[in-house]
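Each in structure tokens, the structures are laid out below.
Heads up, the next two complexes both have chain A, just with different partners, chain B and then chain C.
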Partner chain A sequence: MGWKKYTGWLFLLPGFLGVSVFYLIPFLDVVRRSFTQAVGGKFVGLANYQMIFGNQAFLMAAKNTLRFAAVCLPLLLVISLGIAVLLQKLEAWSGFLKGAYLIPLAIPAASVVLLWKLLFDGRGILNGILTAAGQSGIDWMNTGASFGVLVFSYIWKNLGYDVVLWIAGLSMVPKQVYEAARVDGAGEWRCFFYITLPGIRPAAFTIVVISFLNSFKVFREAYLVAGNYPQDDIYLLQHLFQNWFRELSVDKMASGAVTMAAVIFFLVCLLQKSWDQK
Partner chain B sequence: MRKGTRAIGLILALALTAVGFAGCKDTKKDVGNGSGGGTQKTEGQDGLEGSSEDAFSDNYGGKGRFLETELTLPKETDRVLAAGKLSDGSISVVGYNVNSMQYYIMNTKDLGDSWDSKEVQGMELFYVSRAAIAPDGGAVLMDPYGEELVQVTPEGAATAGSLALPGAEGEKKNQIQQAGYTEDGTLIVLDIKGVLYRADAKQGTVEEITKNMSEEAYYFGIAGNDIVTVMGSGVYRIDAGTGEIKKDETLRQVTDSSQEPLGGENSYPYLFTAGAEADSTIYVNHEGLFFHQMGGSVNEQLINGALVSLGDSSLSFQQALTIDESTYLVLGSDSLGVPRLYRYIYDSQASAVPEKQLKVYALEDSVTLQQAISYFQKQNPDVFVKKTIGLTDNDGITAEDALRTLSTDIMAGNGPDVLILDGIPVESYIEKGILADMKDLVEEVEEEDGLFENIKEAYIRDGSIYEMPSRFGFSVVEGEAEAVGAKNSLEAFLEYAKGKKSSDPDTHVLTPMSASGLLHELYYADSAGWRKEDGSLDAEKLEAYLKAAKEYFDLDTYSQEEYNDQVENYTFRLGGMGGAASTVANFRLILMGYAGIGTISSVRDVQQIYATEAQIGGAYEIFGEADNSSFVPYVSVGIAAQSAENQQARAFVKGLLGKECQTASSDGFPVNRAAYQEHLKNQKEYAIGTSRLDGTAAGVDVKVLTEEQANTLLKQLESLKRPILTDRVIQELVIEEGIKCLGGDGTPKEAADRIMQKVKLYLSE
Partner chain C sequence: MEKQEYKACMHMGKRIQRAVCLGVLLAMAFLSLGPVVFLMGGSLMGSNEMEECIRPVLRGGDGYAVWKLFPMYPTLKHLVEVFFDSPEFFQMFWNSMKITAGTLLGQLLVGMPSAWGLAHYSFPGKKAVYMLYIVLMMMPFQVTMLSEYLVLDMLGIMDTLWAVILPGVFSTFSVFIMYRFFSGIPDAIIEAARCDGAGEFQIFWRMGIPLGSSGIISAMVLQFLECWNLIEQPVTFLKTKSLWPLSLYLPQISMEKAGFALCASMVTLLPALLVFLAGSDYLEQGITAAAIKE
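After this line comes the complex of A and B, so read on.
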């Protein structure tokens, strides 16, 4: 009888130990290093934080990363929800289309990069089309257009995943509620706003958080296409961390990582609080 | 039932935990790059590969190792043509003296501690390209075709003769590639077609040995009365008397992993000889010396190349000799062509592997570094030097990845003791206290041998020296007098070139270069002044550089055929120091251009330039402002401040900057003055032959520098003030965008803007 109440904890143990050893404990070390010199470990208080908040590269990268999340998240969530709702109605093709939307997730980053280069190079396919249409070509990767390219890439890659998540959330809303509403004369929009949206609210929190965290993974494509120093608008925090690591600027890297983790934690808490209040 | 379920659940949970952490076990054993000197058996080829990455710690504590001694050859020996063990146990070599143009047979009865030298008498003067020592103490010396031959008896009497080689094709004569004597005194020769013969020097006849072999032999070694020959499909041991092939699969596979071409003129990636035991073979390569018993499935590593000079990749192998089971000799020549004879004697009291370890890191390997390691290893047999190269040809990782790996090692406390700083973010390392001050060490070398003070001065920061190049070069304008007059800036030089072009639009004014080669050479010439006082990059100077590069590149339109023939096939060495200026002179010689900008990196380069100028006129001058000229540093070294082997690290750096090491190669001018004097002293005279674009022959006689020329060079070396911009990130960004610009992708202004945007980002980090 005594064991029974610990069974759940025991099943949690492997995962918890793994997370602790590979994430939590190293992160605590990162927190420690954020208060010390890069080499030698001398305690420097908040000097590293002062240094990064006065560092133009960090401010630019943080701004770009937040801007990217602020632009991409709403776009992705709205588009993927729209497609999920449509797919739910298209019963005949929904299985095939769900699979089709997931294809980008299965394509390795290196292949995506090749596609990017073919499409967005100065002499690439897109500029070829523009030139054929009598327009002048755009330097996609060396102007502000690069931000749009990055947003497009992120949405293209993650759309299928979010669609599947939304479909899972939508399936949790009982069909009988829709049937009852329609009997009472509710149209599609009314059903969507008064039944679908409230019904998927629990799933929405998870989808928002996952999409937010996925937005940090877009760095891979940006790095592979444009290297360590891309156009200013797509210079993200991960570029900076990579470069700091190369230069052995562990002090800056640690304080930057702690700041970033704090911001993510704060935003997730804020999101959860707003969800709970509703 | 429920108890059982719970128990299963508990076991599964614990198993998951255990499995999850199973991967955390540290299985990393190898600390060293060598197997130690103790013998170690390896299975077939896989085993061999493993042997070069063995555990330093595993063998730690054992006793017994072959120790190396470099033997001093008689002073008249400029070249060694052959070596051999005589039946009385003594060793003889055939040597040649360049000044007297005389051949010698030198014999030692005490394994190289003392030599008896005999001039080969009575022979007509001819060019000897091949020689072999007979077991009775006699020798044979031959011209490349076997048409002229001298056989020397053990008593020293010489008889002229010739060998009738079959297989001449039209007017093309057959040639002798290699010669050697078997233990029973049979002369074996290999012709240029890869056919092995038994030869009778007295009768002048040859008899084919490898009639039943369809493959050609690349080269061979003698093992008793057998020939061990390297062919395309592997290594074969053949009875020299019967031509019978002794099948041995393990021996056949020995060369399978060779990265080097197996065929070579007078130098071979593998040497073969007989082992002390019957039916055994010894082979030598840069990984070490190995023993193989015929029919066995193992190759036993007796000497680890990483611990001795065998590991020096610049050493060209010539011949190996087995004296007995505990003594071996290896003959070779260094990168300057100086003959080197090494003796290895087993010392049962020496520790199997050195007890201390010194870690040396470089992003890229270099001859200079390898020589420094070999030199240090010889001086300190009790210290194992573990060399780590960040960028190799095999793994495809980028410099960024390599540097991040280095950062991880340093942060984990496993960082190197000595760093070769080429391509490494030196500024950041100094700022973080990674590098130790080595000013006192540099000054010690300066007191002993003298250093180029101007180079040293350029590296003093706040009274400390954290980084010191071991070699350097500098950019020059080479060409006709008018071009050399425009040496002060890229703009002035291009004005000259454009003026020349407008007066004769059909001529090639500038010597050809690839886009990358040109951008690198102009970067070496111009980049020293790009940094502003606040640390940022001067956008105007950058744009001017790109504009000049573009104009330079576009001025002469070389046809694709000319370009392929003359540029791609020409040896432009862009990565390291390579003497592009002498290439400019060579292009002028074949009438491709009147002038060019390139780097000078050795006395040999200067000799070649003067040789060309002696024939077709012209001059060379340092490129850039007269009182602010720059140099290209190479193999810059630093010591890790946290090094656990600080004294050894200091000794290593001292060796690297010291006279002996700096004399050993010409991969850049040495910073050591005594070594520079040695380079001047060691100049050789030779001829270069080539053909012009119109098919006519062109050639120059390269002479030793006159006193005046040597003084001019010394003044030039002493006038260099500052290093070029060595920041790897900036250099890569500039070259990358520059190549796009030269290829027609945007204007120099656009390219400069793109570079500045990225550099600003980089500098703001």
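After this line comes the complex of A and C, so read on.
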């Protein structure tokens, strides 16, 4: 009888072994390495962490990554929420529109690289439109404007994802509350501010975290369009890790990975807490 | 009378509001769909017409690149070239296929039972495993890059397709999505099957999989799109170019062969587009299940 409570483990075992071999155990090894010298393996305490936090490239990449999140998350969240609210009011077109917003999720980054290059080249399509409208062209990929290109790519790619999430969040706000408010004479805006916004708060936190984690994938577009060393403003932690990997700087990679893991672990714990509250 | 006019006016205002909303929404949709239209037009465009359109980008000088939605002289020349005249493309197409199929099959094999075990049994250590899976699911590739490399190097499978497939098989993301759907199956019917003498594996096979099938499909659709678009892993773990998937090969084609490149991009997009169109409901369910607890 005693072994019966381990039946669940039998189902889990093959997968868990793989997870341990490929992720868990080697990551513990990486934690160990983050406190030792790359060559020789002598224990050096926090020296590796001091090294990356004194490293110009790391500071710049971390700053860019955070700045990217700080700019594109609010933008994406507001736009997608707006669309989700409008879609809910629209019956006829909503299926088609939702599908259209989701399509970029299916488009491989590699397939749009050429389009991005043609659009954002100094002599590209976008500058052609700008000059035709009487503006002067912008050197998109070699100035700070590259940051804008990256923000655009991210929003383009993730819009549908977030719209779907918001719609799920909105559907959890009970319909009767709206009806009651309408009877009491509340207009659209009042309904939005006093019913919708508080109603989607539980979903909002999850959506913020998920969108933040998805923002790491913008590296794909950045890397394919601009390569290993793009313009300074879009040099992200992802580029840095890739370059450290090529140099095989195990000490930097180990302490960098542990730092990043700690930040994300903290976020996930907050997320978990908000899930448990409901 | 006055009141009626006021009402009509309000009505009119509402309709205009509605039209403006729809206009904005449609414009955004067009922006999302734009690249697909662009690729379709571009893949049918002949070399000369293409050259004319993008000359300023190619050769510099005056003027700007322009784009036509539909080619003036459509041709299948590039399509034929992609399919019959470029062994490289074919090779990379198969690499992409192998990576995607290998990863998905593996996930079904080990991920499904894992999700079932987590959803319907309580056992010592379950909470810790569950937490570990969620944390791993959220980690970006950069966090696990070094650890994966250490193992792959030790196993001696760096620079083989296995280096991309094996870590992918044990991705906890699909386990989590399937777990969400399996959890929705009421314990009562499982208990009933148990009373009728069904074994644990039989319950999983005969009830769990059919009842959780929409979750399984959701996970597969999401993972297909992910695998087909894989960039970080192959770039890190594959040195030999002949092993590269399409996602790394396409950007290597020079701008000089833009027509061919666009056509290859279109062909690369097709499988993903098909999966998307066939599974868009599942895709939505999967996205929601991964984030929002209902």
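Structural remarks
Everything below uses one rule, namely that the second predicted complex is superposed on the first by the 232 of 278 C-alpha atoms of A that agree within 3 Å, B and C clash if a C-alpha of one lies under 4 Å from a C-alpha of the other, contacts with A are read in each partner's own complex, and residues count from 1 in each chain.
To be clear about the criterion, a residue touches a chain if its C-beta (ideal position, glycine included) is under 8 Å from a C-beta of that chain, and two chains touch if they have at least 3 such contacts.
Since we're looking at a predicted model, the values are computed, not measured.
Contacts of A:250 after superposition on the shared chain: both chain B and chain C are touched.
Contacts of A:18 after superposition on the shared chain: both chain B and chain C are touched.
When the two structures are aligned on the shared chain, A:194 is found in touch with neither chain B nor chain C. Chain A has more of its residues touched by C than by the other of chain B and chain C. Legend: residue contacts after superposition of the two complexes on their common chain; A:169 is shown touching chain C, with no touch to chain B. Judged by the touch definition given at the top, the superposed model places A:56 against chain B, while chain C stays out of reach. Look at A:266: by the touch rule set out above, it reaches neither chain B nor chain C.
Look at A:40: by the touch rule set out above, it reaches chain B but stays clear of chain C.
Look at A:235: by the touch rule set out above, it reaches chain B but stays clear of chain C. Once the two complexes are overlaid on chain A, the chain A residues touched by chain B in the first and by chain C in the second are 7, 10-11, 14, 18, 21, 242, 245, 250.
Against chain C, in their complex, chain A makes its touches with residues 5-12, 14-16, 18-19, 21-27, 29-30, 83, 86-87, 89-90, 93, 96-115, 117-118, 121, 123-125, 127-128, 131, 137, 156, 159-161, 164-165, 168-169, 172, 203, 206-207, 209-210, 213, 216-217, 219-220, 223-225, 237-238, 241-242, 245, 250, 253-254, 256-257, 260-261, 264-265, 267-268, 272, 275, 278. Every residue of chain A that touches chain B in the complex is listed here, in rising order: 3-4, 7, 10-11, 13-14, 17-18, 21, 37-40, 55-57, 60, 122, 142, 228-229, 231-232, 235, 240, 242-250.
On chain C, the positions that touch chain A within their shared complex are 18, 21-22, 24-26, 28-33, 35-36, 38-39, 54, 56-57, 60-61, 63-67, 109-111, 113-114, 116-118, 120-126, 129, 131-136, 138-151, 166-167, 169-170, 172, 175, 200, 204, 225, 228-229, 231-232, 235-236, 246-251, 255, 258, 261-262, 265-266, 268-269, 272-273, 275-276, 280, 283-284, 287-288, 290-294. Those residues of chain B that touch chain A in the complex are listed here as 6, 9-10, 13-14, 16-17, 20-21, 24, 400, 403-404, 407, 410-411, 425, 428-429, 432-434, 642, 729, 733, 745-746, 754, 757-759, 761-762, 764-765.
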